[in-house]
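Presented below is the structure to which this report refers.
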Amino acid sequence: HSLPEQENRSVSDWIRLNVGGKHFMTSRSTLLAKEPLSMLARMFADVNNVYLMNPSAKDNTGAYLIDRSPEYFEPILNYLRHGQVILDTNVNPKGVLEEAIFYGLDSMIPQLNQLMEERKSRHDNHSLT
Amino acid sequence: HSLPEQENRSVSDWIRLNVGGKHFMTSRSTLLAKEPLSMLARMFADVNNVYLMNPSAKDNTGAYLIDRSPEYFEPILNYLRHGQVILDTNVNPKGVLEEAIFYGLDSMIPQLNQLMEERKSRHDNHSLT
Amino acid sequence: HSLPEQENRSVSDWIRLNVGGKHFMTSRSTLLAKEPLSMLARMFADVNNVYLMNPSAKDNTGAYLIDRSPEYFEPILNYLRHGQVILDTNVNPKGVLEEAIFYGLDSMIPQLNQLMEERKSRHDNHSLT
Amino acid sequence: HSLPEQENRSVSDWIRLNVGGKHFMTSRSTLLAKEPLSMLARMFADVNNVYLMNPSAKDNTGAYLIDRSPEYFEPILNYLRHGQVILDTNVNPKGVLEEAIFYGLDSMIPQLNQLMEERKSRHDNHSLT
Amino acid sequence: HSLPEQENRSVSDWIRLNVGGKHFMTSRSTLLAKEPLSMLARMFADVNNVYLMNPSAKDNTGAYLIDRSPEYFEPILNYLRHGQVILDTNVNPKGVLEEAIFYGLDSMIPQLNQLMEERKSRHDNHSLT
């Protein structure tokens, strides 16, 4: 096992997000690594990055406020962590697609479209038998 | 990617709702934009709007109290955010329909009725094979 | 749209319940309106109502303690709000039936029994094909 | 309707449990009544009960700490409340079985084994058609 | 029933984890016992263990921060508690597999791969009829 990088992080690398009323904890490196031009990467980029966006307002716990669905944000954040698009069987891929578009995570979109196609064809096959 | 408007919001634009005991965070513009005559739009309209409703009482965190289902409010609020009616496969569309009627979100109702029809016909087909 | 009654409620009409460890917010009128002889209606009835029950103890947030399932309380409370018995597809109607019996919500029981019949026959049909 | 016993309980009869990080509220009588030799009954038995176990440590809210699954504890606690084994359709009965064994709730085990048999045979029938 | 070891634990044996924003409570012995070279075992190993890793930063409640999915951590932690890989029917085994790989829980991986095979073959059988 290679040593996870996590142990070297200081407290200041951790970021609290308030997405639609639910708190998420993640690290700056997770938000930056996958897609540098996505909204989350730009909100937490280095101060001399030309694409830097002003981060949103904070709630009274210091969490950055984002006016989006908390439920569909979970697979988004997992994708930023490990690069896989993984949805539970009850989760509607359309809901995650709307968030991927909002956050500008273009690399997720073809995978989500494919997932929607697969589910649709499974349903159709199922109904035709 | 166009710049999301979120970054320009001040703290005062954020609204905390306590729906049936669960907290949601959203922005005034989300509540106002989609259906100006809906209950939520009227509760948070400009003070000189003739349709303005008195907002409900607040809990001790400053969240506006609404005596309705928190679970079925999630797709309602997502609809106000991006205009799509998106339900997970386990969610009963009847539950969301009751909320759309309560909040006066008339544009959701035909989409929810269609969703209920599709689910019903899928069940019927499935049972008939 | 008729004006929802909600806007005229004062803070004192709101009731916080702690059902099995989870908090719910609702209004006195919701608990009273549907079935006057149910346990919840009697706990929060007018002081000169002969069926008045002593309400249960409160937790340190002022929420009334109820030693029952929080999950199956959700469709119970929604029923008190709008009069419809609505369950998500993964929710076991037997769980809601136990709560309807406990709270004395007799009008829910035939609808829950019918729902259990429909699910059973759908399963049976499905297995027989 | 007979009067529920709940209204006569004092605050000291209520017990807060922290199961794997999630809080549950219940009453001493619920934990004691069903199976006197189960772990939970012994933890909260009368001080002169020979089977009395030392209760576990408490968290900073006074909740007794239990190092087990919170999700699968829900049907366990409901069983102690009303005596029925009720699982939602997405819940894996194996998960509840592990908890019933841990807590020493022997009367649940045959019912859970039967439930696992029924689900297995339904799956097998389904796949064979 | 053998006496569970839990009753002899002191408060200092309890560990609070903040996984992606959600709190979990468990004990040091649960994290250490199953796989001594896993990341969690090494983070909480004895100080003279040569494989000891520096634990991650703590949040303001004293919980150790881990930048991973909370949802898929639940079956991981249950596995450390009782040694069984148990997933609800709606949970995607791929999501748990990513976490097992991250935490270095090698003994879970063959079981998760087998589970993914079983689900795939059930789906294929189902679609072919």
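As written, the chain order gives the labels A, B, C, D and E, with residue 1 at the start of each chain.
Here is the rule we use: a contact is a pair of C-beta atoms (placed from the backbone, for glycine too) under 8 Å apart; a residue touches a chain by one contact, two chains touch by 3 or more.
Remember, predicted model here, so these are calculated numbers, not experimental data.
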Interface residue overlap between copies chain D and chain E, same or different (over half shared): different
Size of the rotation, in steps of 5 degrees, that lays the CA trace of chain C over chain E: 145
Centre distance in Å when chain A and chain B are each reduced to the mean of their C-alpha atoms: 22
Centre-of-Cα separation between chain D and chain A, whole angstrom: 36
Sequence positions of chain E contacting 2 or more other chains: 89-90, 126, 129
Overall pattern in which the protein chains touch one another (line/ring/star/complete/other): ring
Going from chain B towards chain C, every chain in order around the ring: B, C, D, E, A
Chain B - residues contacting chain C, complex: 18, 20-21, 37, 39, 43, 53-59, 65-69, 71-72, 89-92, 94-95, 98, 102, 104, 123, 126-127, 129
Complex contact set, residues of chain E against chain D: 1, 3-4, 6-11, 13-14, 16-17, 22-27, 30, 74, 77-78, 81-82, 84, 86-90, 122, 125-126, 129
